[in-house]
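Before I ask anything, let me first share the structure, which is written out below as structure tokens.
Chain IDs A, B, C, D and E follow the sequence of writing; residue 1 opens each chain.
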Amino acid sequence: MTTINQNCYDSVTEAIRREAAKLLQEQTVAAVVGYVAGRRPGTASPAVAKSAEDAEKLVFSPACVNNLALFLSKAKKGIVPKGKTAIVAKGCDLRALAGLIGESQLNREDLVVIGVACAGVFSAAGERSLPLSDANIAAKCRECTIHTPEGVDVVAGTLPQLPDFDPVEAKELARLEAMTPQERWAFWKEHFSRCIRCMACRQICPFCYCEQCLCDRNRPQAVESSPRPAGNLAWHIVRAMHLAGRCAGCAECERSCPMDIPLNLLNRRMAQELKEQYQYEAGTTPQEKGPLNQYREDDDQSFIK
Amino acid sequence: MTFAISQTNLRLLVDQLIQDGIFVVGPRRSGSMVLYEPLSKGEALTLDALPRRSAKELFFPVCEDILTYERVEGKMAVRDVDRAHYPETVLVGAPPCDAASPAILDSVFSWDYLDDFYLERRKKTTIIGMGCTRGDDACFCSAVGLAPDSVAGSDLFLTPLPGDEYACQVITEKGRSLTADYPGLFHEQSPVDPLPAPKQEMKQLNLERIKNWLDTHFDDPLWEKFADICAGCGACAFVCPACHCFDINDEGSSEKGTRRKHWDACGFGKFTNHASGHNPRDVQNKRYRNRIMHKFKYYNDKFGKTLCTGCGRCVRACPVGIDIAGILAEIDAK
Amino acid sequence: MHSAEKKHDFEPKVVAFVCTWCTYAGADLAGTSRMQYPPNVRVLKFPCTGRIDPVFILRAFQKGADGVLVSGCHPGDCHYMAGNFHARRRFAAFRVLLGFVGVDLNRLQFSWVSAAEGGKWVEVVTELTERVRAMGPMREFKELEQEEQWSATLTTPELQQAYESI
Amino acid sequence: MTPKKLKNYSYYPGCSLHASGREYDISTRALFKALNIGLKEVPDWFCCGATPAHNVDELLSLSLCAKNLVLAEEVEGDLAVACAACFSRLKTTQHHLKVDDEKRAQVEKAIAGPATIAKPVKHILEILVRDLGLAKLEESVKKPLFGLKVACYYGCLLTRPPEVPELDDCEDPSIMEDLLRALGAEPVSWSHRMECCGANFTLSRPDVVLHLSDAILRSAQAAGADCVMVACPLCHGNLDIRQEAIENRSQEKYDLPIFYITQLAALAMGVDDDKLGFDSVIVDPRPMLMDKELI
Amino acid sequence: MSRIGVFVCHCGENISRTVDVERVAGEAAQLPGVAYSCDYKYMCSDPGQNLLKKALAEHNLDGVLVAACSPRMHEKTFRKAAQSAGLNPYLCDMGNIREHCSWVHEDREAATAKASDIVKLMVERVKRGKALAPITVPVTKRALVIGGGIAGIQAALDIADAGKEVILVEREPSIGGHMAQLSETFPTLDCSQCIMTPKMVDVANHPNITLYTYAEIEKVDGYIGNFQVTIRRKARSVVEDKCTGCGVCTSKCPKKKIPNEFDQNLGMRSAIYVPFPQAVPNTPVIDRENCTMFQSGKCGVCAKVCGPQAIDYEQQDTLVVEAVGAVVVATGFKLYSIDRKPEESPIKGYGEFGYGLIPDVIDGLTFERLASASGPTGGKILRPSDGKEPRQVVFIQCVGSRAREKGISYCSKICCMYTAKHTMLYRHKVHDGQAYVFYMDARTPGKGYDEFWRRAVEVEDAVYIRGMVSRLYQRDGKIVVMGSDTLVGVQVEIEADLVVLATAVQAQDGADLLAQKLGISYDKYNFYSEAHAKLKPVECATAGIYLAGACQGPKDIPDTVSQASAAAAKVITLFSKDQLERDPVVAKVNEKYCVGCLQCKKVCPYGAVEEKEIRDRQGNLVKVVANVNAGVCGGCGTCQATCPSKSVELDGYTDEQIMAMIEAL
């Protein structure tokens, strides 16, 4: 089994602390959004450091699963003090930041991005007491293309040689694609039937920053709000559609789902389509228009009679 | 001598109950996790993991219909759900943290308004609790006054013994009649030491002291610290065995439809949102404060009970890592 | 052959979301030309295909449609210049999504029908209606609509009956 | 001690280079040896179909090249090609198979296996001017070709169609001239460097070839060239073997030696002139080279 | 509860033949919210309309559904009737039970059921309808015309003659554009300057026209009827108010060897110059890059000789803001050049023609200057390299046009005609000279055009060779033209003294940048896109902006002038009212829920969405939301389908209406 050396996380932690303390001391920023260790070993949670003292508590470890871009979106307005903000961002989080900038939710000038050299984080079900390895690394990290951050203000830490992991999610996607529609329907029906509409997928998503979610509306009601199979399916379809062309692929929706619904497969399927059809990929550079906000006159229309 | 049942017979018991037209619910593998679900045979019973959701949904479903309505010839015809049709039910294999919760919830569902939906199901259900031998660093039942071997809430309580046996304690009349109905499956056995209970990291909390602090700290900067990062989902409440807030929705058109009751969570932005648009709990930390207050102060004030069984599900489920046990310990230390 | 002369066991419910400038007018032309097509289709008029939210398609299936047609102006003909171009991408994506969750895409047809194409309107509607008829009712969504979480499964016969009427 | 090899190339000589264009092959090998660049012939290579095959059977011509490309995978290094026709066919095949899945499927069926087309196919000119680089080339020159006025003749295939060879500007290339300047020679500016020589009409319609090649030689001479440099054995044949017939037809005396690029390059690198096949061409270049004191 | 009235029309027998209208009306009466229903023989007749009006009053109806023919037929009729009875017209809708039902189905049972369904659906829509009031937008009755070529001049004059103010902006120091450069014009061969310069003078003298030459558009804000245009007036270094146009400065300027752009660089001009003698305004401009004073600080001759002291070396660019109600874009064209292009450019040069390095290979506009009596050669055809009169001239058509391999696939439209004209002009000036034309097709649709072309071939003896040219090269002072004659099937080689290329017409440099400022769309060649190729050929998608001339696509002078006048007519129509009234089917933003992701802005085909800052009472920024400019919104609803939270809604087609209809299926 391939294990990733823990040392690289320690070097990131050290660099984050140093940088955060400097930024806060020099009052370059009003706050640093980062991670602190949790009470239980192998856990961490997001935190907003507002003083050099707070900065000393910041960490980076395989438990730092959250996409902190969430805390800069309007959905979480108010918890980060006004003024310039620094944020600790993994490669996958950077794409979300770029997306939020592209959607006029953030200004790059108001940010100091501390990009971390990230070897990967734990999967939701992974054993947290062991070092990060093939056995407990998150699916998204297995196919990560952005271990080293780009376009950031500071890069924290350096990466060790990373092993090649089995792309389990890509394989799962291929498996589903190979199914008949009936089989896929059965697959999703089973998963969606377990959904309890806790909305963790929505609340944790950096792009679900609407003040009023379409699915909370009841006049007219586009999606049934009660957690029944019919409404659940509709909710997840609407969610995937609203994220199509915007999703940064951080897979936080899937990680936070208490019912283990493989939500990122929906997002990935959409991303795959948008890449094939329109050569669009979520990246670290903010783009003026997403793939579904623009068109080409010669777009494919083979499906239209 | 101790009253006991073997693992094989426990499963046989399930089979026989089903045969006798009893609705049996127990932990069962469902996809990647274990959930409380109706059992179709004893073999399906899965006792090696804590179910992802609590057993409360047996009495308080995720979503249930209250009534249906339809306009017929200009008049609205309303049809209620007939509660008499709820089946006789046995919940089998609930650990103390799940078995204890109905007893706690009885208070609120039978207070000024008698919630027949809950109470009728509750009346028809027998709970076979089971001593807990697993547990992880999120568990804190002993910190809130329960224990891995607590019989609270169970009608019949099984304690795992070495060698595929369960010591069987009859707690209530319901439990007694269950053992009486299936005498052949139980046997007598000389007393042995039960399997050891899991060690818990959390030390016992002083719930009184915590309540005292809560009584006087409705406004406190700590709330921001605890819960500013709360993402506003309902994962904690929905996996919790004790959370019982619900919302009622009419679904359908103005002509016909269904009124449905479904779980609500204090984490949601729309929770206690007034029709005017004003929300007294306007930011996330105030909503989280309500969660703590409700569990450790308001419920206590009203019913003298704590609305938490220490199952640790919310600690595991929270997508941003909010840790209620840690927060309680911090309050306790004040 | 006229639809009136055929009797079928199953009359599918087909919903058409059309833009007012091209396809609606095309359907008008089919009328003025006295062309014949199956009476199963119900037309909902929109200013532009750009206005058609994918949610409407989903909702139509949920509410009992066995087939859905979305039709608008040919590329370049849009009264609003680009509404149909945006719609085209949106539908391309949505179609893939529906397919991915297991909806048989034979029930969902997209077409460009201009104001001059009364014949094409007839062709598209007839083809979709007959295809869906051959496929039978859209069971998946209807069944899903009936389903409950296990803990809320209806056990009252009269309620079940009331429910089924909804 | 042998100096370190710079880079290794696999090598597809093509039929002409083993027959009428033998001098091209000899001089290519000599040049690479002189430059200390590894060159390993692809085992069991066969005809690329040359310029006629694709007019008759496109699938056949693509399959021939595709199979050769598969064979080339066995040898390390980018594939070096000297013959402009082979180069064109191999590149064309890569291009078609890359952009057309249907053709690719047909070809894969024909060659009974996957068509591996990833290996870069490079013309000798590209290797010299781009891979090795003009600076390095200039450095390696032992006998600069000072005073030699050369008409660089590109012919049809080296740059056309532009999306296939991607070698240089399709109508106004400069890669040959750049090479020559590095070798110390003086390229002349002339009009017919991109015109067709008549190619394989040389057998079926020699009248056309004589007409077209005459214009080329005439133009080169008018521009004051001492010789013509080519990259294609077919062009070489038409301009060299047919030169006498051209002269008879037009009653002009040209006496223009026709060189392969590798012959001149190898000469500049100090390779002995008797190892470059100067003795087996029709218009003997040696008197002119001696005149210029280049041999 | 709503009180809807449902009126089911028989349409004589058109509907009632296959639809049981009485049953439809009867079933409609049972629908919740329907307070009245009836059927009638001809709803659109006067008695039918009166029935509707009477029922509205008697039954106190708050919505009307007429189930009859297509709304495209009679929606206006019934809305007007409803309005006259006091109902908001937008609360009156039609259910189409004729074109969509009775005429296309023969099974009476099925058709009746469908008609009832249509009524049911539409009643749901009417119930949720909103009373809408027409939107009015004030109109500033001044027009901006961008570009002072023939298109801009024509549009400006037409608008000004209608009594409206016009701001005419020209990038160059003088108006006139390409037409001022031409010698004679087809198909009449009248002198271009003779017909052009009077119009230029008219512009200068027109009391309603403000002319800004040597000026460019910096910024455009606003919308139809209400644009704010910022114009950059480039520093001329000559004070226009003082200059008398005496010309002393230009004649005394010591720097005289600067190629004159107006003469396609054939002639020379001084550093302070007027581009051509008939320039309007006749005010010189200092070409700072070539002026000794600006480059080395020494000289100042012009200032010394200027009587009125109009020279101002310190002059700066100034920005002028003008309020206008409409914009006519007339930025014209440029000619494609065969020069080598950067590798990444989608347009390629002509290596086979020597990439523009052969001196006697010129383009058509250069030939115009050679042929022009006021040109650098005084109208003599002399070749640029040695000033000799060419005996053989080869004209090559379609250079860059219809040349997909060079990156341009369109036909430039004017070349066939002007090449024919060139051969004639050449023959008129060099009587024994021979003109050859290589062409693909001779395209001469236009009044008198084919006759003109035939004259060139049959009377003026131009030799037309149908085929392409593969190479041009120099030999012995001549240009060898190698080509093919595809009609005969032979290779052709001609030794020419001069080669004239009919190069493609391209959009002006910077056309794309101007389009971005204006918010109008353009195609991949940077030609501006009209709103509809057939029905709105001079309108832009962006309301209030119109197109004239070759900026929209290659065009000859008659077409350009026609389009310019058409654009002017559109502007005058717009200005004929004080207020612009438009259909209120427009999008509105719910500012409470809008989070300002601006996806709506990105998809809006009209550029109607802008950002709006929401501030609290203290003036602190609360948030930025989208705002739809009702004057510009076209009402397509693409924004709403795109908005994730549905915080923008299209009146007349609300989600609530649509969802209710789907629910009623």
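The rule is simple: a residue touches a chain if its C-beta (ideal position, glycine included) is under 8 Å from a C-beta of that chain, and two chains touch if they have at least 3 such contacts.
A quick note: this is a predicted structure, and the numbers were derived from the prediction, not measured.
Asks: Go through the assembly and pull out the chains touching subunit A as well as subunit C.
Replies: B, E
Asks: Sort the other chains by how far their Cα centres are from that of subunit E and give me the top one.
Replies: Using the mean of the C-alpha atoms as each chain's centre, the farthest one from subunit E is B.
Asks: Relative to subunit C, which chain has the most distant C-alpha mean position?
Replies: Farthest chain from subunit C, going by C-alpha centroids: D.
Asks: Look at the interfaces A-E and D-E and say which one is made up of more C-beta pairs in contact.
Replies: A-E
Asks: Indicate, using Cα centroids, the chain positioned nearest the centre of all protein chains shown.
Replies: If we average C-alpha coordinates per chain, A lands closest to the whole-structure average.
Asks: Would you mind pulling out the distance in Å between where the CA atoms of subunit D average out and where those of subunit E do?
Replies: Taking the mean C-alpha position of each chain, the two centres sit 52 Å apart.
Asks: When the centre of a chain is set as the mean of its C-alpha atoms, what distance in Å lies between subunit C and subunit E?
Replies: Comparing mean C-alpha positions, subunit E is 38 Å from subunit C.
Asks: Could you grab the centroid distance between subunit B and subunit C? Build each centroid from C-alpha atoms only and quote it in angstrom.
Replies: Roughly 44 Å separates the two chain centres.
Asks: From the C-alpha centre of subunit A to that of subunit B, how far is it in Å?
Replies: 31
Asks: Could you list the positions in subunit D whose residues touch two or more of the other chains?
Replies: none
Asks: Two or more other chains touching the same residue: where does that happen in subunit A?
Replies: 214, 221-222, 227-228, 292-294
Asks: Which subunit C residues reach two or more other chains?
Replies: 54, 59, 76, 82, 86, 90, 148-149, 152
Asks: So which chains actually touch one another? I want all the pairs, not just one.
Replies: The list of touching pairs comes to A-B, A-C, A-E, B-C, B-E, C-E, D-E.
Asks: Under the touch definition given earlier, write down the residues of subunit A that touch subunit B in their complex.
Replies: Contact set of subunit A toward subunit B: 38-41, 43-48, 66, 70-71, 75-76, 78-79, 125, 190-191, 194, 196-200, 202-204, 216, 218, 221, 224-228, 252, 255-256, 258-260.
Asks: Flag every residue of subunit E that touches subunit B in the complex, lowest number first.
Replies: So the residues of subunit E touching subunit B come out as 32, 660, 663-664.
Asks: Given the complex with subunit A, which residues does subunit E contribute to the contact?
Replies: Those residues of subunit E that touch subunit A are 592-599, 602-603, 611, 623-624, 642, 644-647, 655-656, 658-660.
Asks: Give the list of subunit C residues in touch with subunit E in this complex.
Replies: Residue list for subunit C touching subunit E: 2-4, 13, 15, 20, 24-25, 27-32, 34-37, 39, 42-48, 50-54, 56, 59-60, 63-65, 76, 78-83, 86-87, 90, 122.
Asks: Touching residues of subunit C toward subunit B in the complex: what are they?
Replies: 148-152, 154-159, 162-163, 165-166
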